[in-house]
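Letters A, B, C and D name the chains as they come in the text, with residue numbers starting at 1 for each one.
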Amino acid sequence: MFHSMESAEERTRSLGRELLESGRITGLLSIIADREGTRPGFLRKPDEVDSLVLEPRYLLAPVCRTLQAMDPEATLGIVARGCDERALVELAKAGQVNLGRIVLIGLACEEEIARQCGCGRPYPRKIDVGQKIDGSKGNVSSGEGSGRPGQQLDWNAELARCLKCYGCRNACPLCICPECKIGLAMWVPTGVVPPDVFSFHLIRAFHLADKCIDCGNCQDACPAGIPLRELHRHLLKMLEERLGYVPGLEVDRQSPLFTDLKHGPFNGPKIPRWMNTLGENEL
Amino acid sequence: MTGSALIIGGGVAGIRASLDLAGMGIPVHLMEREPFLGGRLLQLDRLYPTDHCAWCPVWPLLRQVGSHPLITIHSSSEVHSIQEEAGAYQATIVHLPTYIRGERCTGCGECLWACAKKSTVAGREGPLPILRPNSYVIPKVFAINRNLCGECPGCQEECPFGAIDFKMPQETRLLKIGAVILASGFDPGRLEGLEEYSYGAHPDIISAMDFEAWIAESGPNAGQVLRRSDGQKVERLAFVLCAGSRDRRFHEYCSGVCCMYAVKEALWACQRSRDLWATIFFTDLRACGKGFQEYVQLAEETGRIQFIRSRPGRIQPMGENGALRVLYEDTTQRNTREMIVDMVVLAQPIIPAAGSENFASLFGVDRGRERFILLPDDKFLSPATSQSRVLACGCCQGPADAVQSVISASAAALRAAEILAQRRAA
Amino acid sequence: MSLKERIGAFLCTCGKTLGRSLSIEDLKSQALRLPGVFFCQVHDALCQEDGQAFLKEQIQSFHPDGVLLAGCSPRGHGALFQRLISQWGLDGEALEVVDIREGCAWVHADNPDVASAKAQNLLRMGWAKLSRKELSRDASIPLLKSALVVGSGPAGMAAASAMAGQGLRVYLVEKDGTMGGWLRRLSFLYPSGDEGANILQRLKQEIEPSLLITVFLEHEIAGARGYVGNFQVHLRGGEGPKTIRAGAVVLATGAQPLVPQGLFNYGELKGVMAQEELESQLLRGQNLGGTTAFIQCAGSRIPQRPYCSSICCPVALKNARLIRLRWPQSRVFLLYRDMMAPGVDLEHLYHQAMDAGVRFLRYSPEHPPLVEGMDCVQRVKVLDSLSGRETALEIDRVVLSTPLLANPQNAELAGMLSLLTDDYGFFCDRNLLEPNRTVTPGVYVCGTSRWPCSVQEAILQGQAVAASVAALLRAQRAKASDFGVLDGVKGWPAVVNESACSGCGNCFQACPMKAIGLQPFDGRRVARVNKVRCTGCGTCATLCSGGAIQTQSLSDSMAIKMIQEAFK
Amino acid sequence: MRGSMEPKVLIFACDWCPGLGSDRAGQDRLSLPSGFRLVRLDCAAQVSGEWVIKAFSEGIDGVMVMGCHLDACRHQGANHRAHKKLETLRWLLDGLRIEPERLCLSWGMGREALPFQAEVQKFVSTLKLLKTGEKA
């Protein structure tokens, strides 16, 4: 276990070194550990790569976005786990990152991390480091506690714990709006804690309905330990069942919310299909 | 200001033509026999092949016509006489009284309810004498049909604005006209002639126009498909196409639109009652417009609409209000069969509107095959009739669906504009 | 200017009838309690002359900056009141009509308390909407008095000459060396039987002498920019590229018949020809005696090409009859599925063909005719679905009626002008009653580029388009909001707050009218609305998490306030 | 109004079909449930999920979105997008164990007086059931 961990790190470092030496990338984005501690770091020289570590898991995609905003010309290498890759894909769809200038070192998560995250897809599409292991099917546990399926949750009680710290929003790699609606008094009454279930949580969740990549950051960030992920998992399930869409997988597949019921362009006045759609609330 | 144009017929063709002419800056007199504009199109429920409700595409047009400064609407009017002088017409238009003063009526509907309550015409069945504009047709005012009205003071008492005036005189207006567009539209042909279909002998043998109104959501049954005889749900429905057209005894020509509206009505009937099966007896299924074949496919896909190439020889009522027996020869199977159905819809022919004869004679316009207005040039370079300053569009020059009507209307409008421009130049 | 401070309220009692089911007095006091409402007048019928006069006098003496009018449904007299108050120096959009008649008094006639309470809520909602309504942001665009016609077939020529007749400058672009399109290759035209050449001549006579029409032969469209009133269209070919500025674009790109390669042994057996080849033979006056078999629906009304090309039947009827009349000894068979001859003239043509001795055989798609022969066609085997008998016809030639295919160019043009094409590549019309308009304002389509049609219909459509264009370009300028989903329907364009826009492109991807683009704005990409294309459906606003893009007719702040007032 | 049995219903209605339906209902003097308020829109696609959410947070019992029937949208299928979007919101409500029935999507049923009345009544009775369910 520990041994393979070692080698995974080594392998990542050597890949990173190669990339830097070849000059394909301006720098490598990863977690680094040195005497100043463990943190996300941007490695520019091959010899700096020794400080690269894989643990703890930390979502680097938002950092990548910031870096690209600072220097659009740079080509970034990034040690990307499944969640990183999916986040980057969604960010790319939203025009926030330029995948053309990003080189991924695909890292499949260790079993332990995957279990801790309760991740459904603990691996990127292109795996450079580590072994692909199947994700957990069931619902994630809130914190370390025993897993409870979202439908059985008493949401009133759960959400009553909310401190309105906006941690869930701030931690979300895909919350990219300059002005967030749940920060505006127009949408969410100010000075009310816990916030009104409808306005605060529903609006947040609704905005991410077709974007959430199930990284779990929102839940990890929640000081009140609200199992927000259950909610998103439920949405993702419906999204996949009803519209056959999973966020974060393909760059060129747009969200079904942007298209017609019959996907593809709508062709002006055309033959109606009321036979199967009229008055139905199901898709 | 130079000559203005007279458009006869406030159906969709007339409306389109007047809007285009007014758009080109030409004053227009739009004349309609009925109290309201809209014509036949507003009697329909849906339009093929897009299944839009007939009303929605029309009301923006109506609203424009109603508010356009260059368009004068003469509703419930008729052309009384025409004098031709110096390349122009002097038209005398008679405005028949509607007995409700337009400038006072707000369409509040009090009279209608008063009439329903108080009317002295004892035991009158059927429609009220007061005609209500079907939600915002133009003009927005009510009208009274004198033939049905008993002239009780009921509505007068109730009207908050004293708009009702049984002494309302008929007005005559003199118009100077530079060009005329005939858009008098069509009438559904009579079906009484076809004994073999015993139309009129049984309430469930019904004409297509009536059927559309009968099953309309706005209709008497709020969209249910019921037998007229006993109000039972219709389960087996038959459409007989070419009833009276493509028939040397009545009208040799093809009425053009029946195939498609039969398919449309079949589709909507199927949608509105889940356990309805329809049969369409056709000769040639003439679905040759944009999207028509797909529309027919849609009908086939339902699995509840079957097409049989045949012209039934006989439709027999089985008893007073009983079912109907349709005797037919399936020409592709070459055997005579019979089918028992609850209701038969006859696709009646489209014939020139009653008025068109009168207009033709008034303007000295020749009529061609089957009494439709003749366009000598075959519309090749203009939709002009035998009189160069009289143009024709829409169904008065041959059966046409809504699309063809508006196309010919716009073309006629353009030609009219050219004529008037020439007059200006002269 | 957002919040309205001086709102004038008017209550219309519809001849005191509304007073029966709701309390006008309470409504009035409610109105006067609303912030910003500084007077409230009750009248019996504002829609009538005296009512309008009253309205005018009140508005001109008190100068409100917004008018709140409770009465009948906005659909009833809303447009009228808008027109009126804009005549009296107020922005037409500064009016809010509240429906307390149809939607309140009349449907709750049995319950006055409910009706009164609801009327007050509705009034508050109307106030909420009005008081938060931004001054409408619109754009005024110039309208060039010129039009560009693509394609010089019958439709294009008719459109060009007609538009010139209306005093428009017309540019006629033709990719071939001469005008006329398919009309050049047609012998006689149905239903009248005129010579194609003759009609072509008459059309040319109207175009060539005209000083207003410039014809660009051997030119094609390389690209197009701009919007209604001011398109910039780039041409290639001829002596180098040029750019034309036109107020409207008319597409008459036409269509071309399918070459029936591989159908009924076409290309393998001599004597198997397509309809247009027969046309040219008729033109050349070739001898067409002997026996001819026409096969309809060759390549159409089949699964891979389900549509009916609608002109093949009349054309075949016309030619079949022609052959019979010219060569009385000849025998002509017409193999059809459904005889598409709707209307008076075509049915008459059908009868004429029968009378001329053309023999008709109806085949079913399950048993298509078999064309046989060694290198030269000899016989056609067909199962007549009516008689049920299989007959083998000894014939000299087979004529295949093939469908018209959309011009492959259409897709490219559709891309340039963001139009919609149907599954077969023909241009989509915007609305059933506006058959020659496209979803792009100022772009029109006529003739066979819309759908297969006869020369006669093509010319008619060309003239129809000309009428629309002439009407469109008559004014000097137009407002962006004039171009809604239908003529006469306002389309208030959505507005973008750049500072709040993240450039995520949801709006741009989702917009059903293709009205939104992304463009640079201090270092980032932000959404930009094409005010002319936008019809204000609001899809963009609902998908913008940040609320950066808003519809003007009902912005978020208006909606929220209305929701809050709904049950106060 | 709070506590009263009559549910508070907010109807967002496209002005094309349902707007007409509501007017026709009035002209025919049909009786409608007392607790509904109608907001006219240019297109049902204008209704954003946040509005619906906000309506609930303001204590409104049910929101109904009425539009033209699905393939007859004047805006080239804007209501398709609206349908999917609001459907997603219903899933979300479901996920939070809030009855999704409180949000009703109705396409093409509201053009005529009687169907309009029927739709509204149906929705109101559903909401009444929910209320009683809560009480029980």
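Please note the rule applied: contacts are C-beta pairs under 8 Å (C-beta built on N, C-alpha and C of every residue); 3 or more make two chains touch, one makes a residue touch a chain.
Keep in mind that what you see is a predicted model, and the values were worked out from it rather than measured.
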Label of the chain whose CA centroid is most distant from the centroid of chain B: A
Pair sharing more residue contacts (C-beta pairs) when C-D is set against A-C: C-D
Chain C and chain D: spacing of chain centres that average the CA atoms, whole Å: 31
Distance between chain centroids, defined by C-alpha means - chain A, chain C (Å): 44
Interchain centroid distance [CA atoms averaged], chain B/chain D, Å: 35
Interchain centroid distance [CA atoms averaged], chain B/chain C, Å: 23
Multi-partner residues of chain C (each touching 2 or more other chains): 75-76, 101, 420, 422, 429, 431-432, 439, 486, 489, 510, 512, 543, 556, 560
Two or more partner chains touched - positions in chain D: 20, 23, 27, 29, 49-50, 54, 69, 71-72, 74, 76-77, 81, 85
Multi-chain contact sites of chain A, meaning residues that touch two or more partners: 181, 187, 257-259, 266, 268-272, 274, 278
Chain B contact footprint on chain C (complex, rising order): 14-17, 44-45, 47-49, 72, 75-76, 79-80, 83, 101, 158, 162, 165-166, 189, 191-192, 194, 199, 202-203, 301, 306-310, 313, 338-348, 351, 364, 385-388, 422, 426, 429, 431-436, 450-451, 455-457, 459-461, 463-468, 470-472, 474, 486-489
Residues of chain D touching chain A in the complex: 49-50, 53-54, 56-57, 69-72, 76-77, 80-81, 83-85, 87-97, 104-109
List of chain A residues in touch with chain C within their complex: 93-96, 176-181, 184, 186-187, 207, 254-255, 257-259, 265-270
Chain B residues within the chain D interface of the complex: 50-53, 55-56, 109, 113, 132, 135-136, 216-218, 222-223
Residues on chain D engaged by chain B in the complex (per definition of touch): 16-17, 20, 23-24, 27, 29, 68-69, 71-72, 74, 111-115, 118
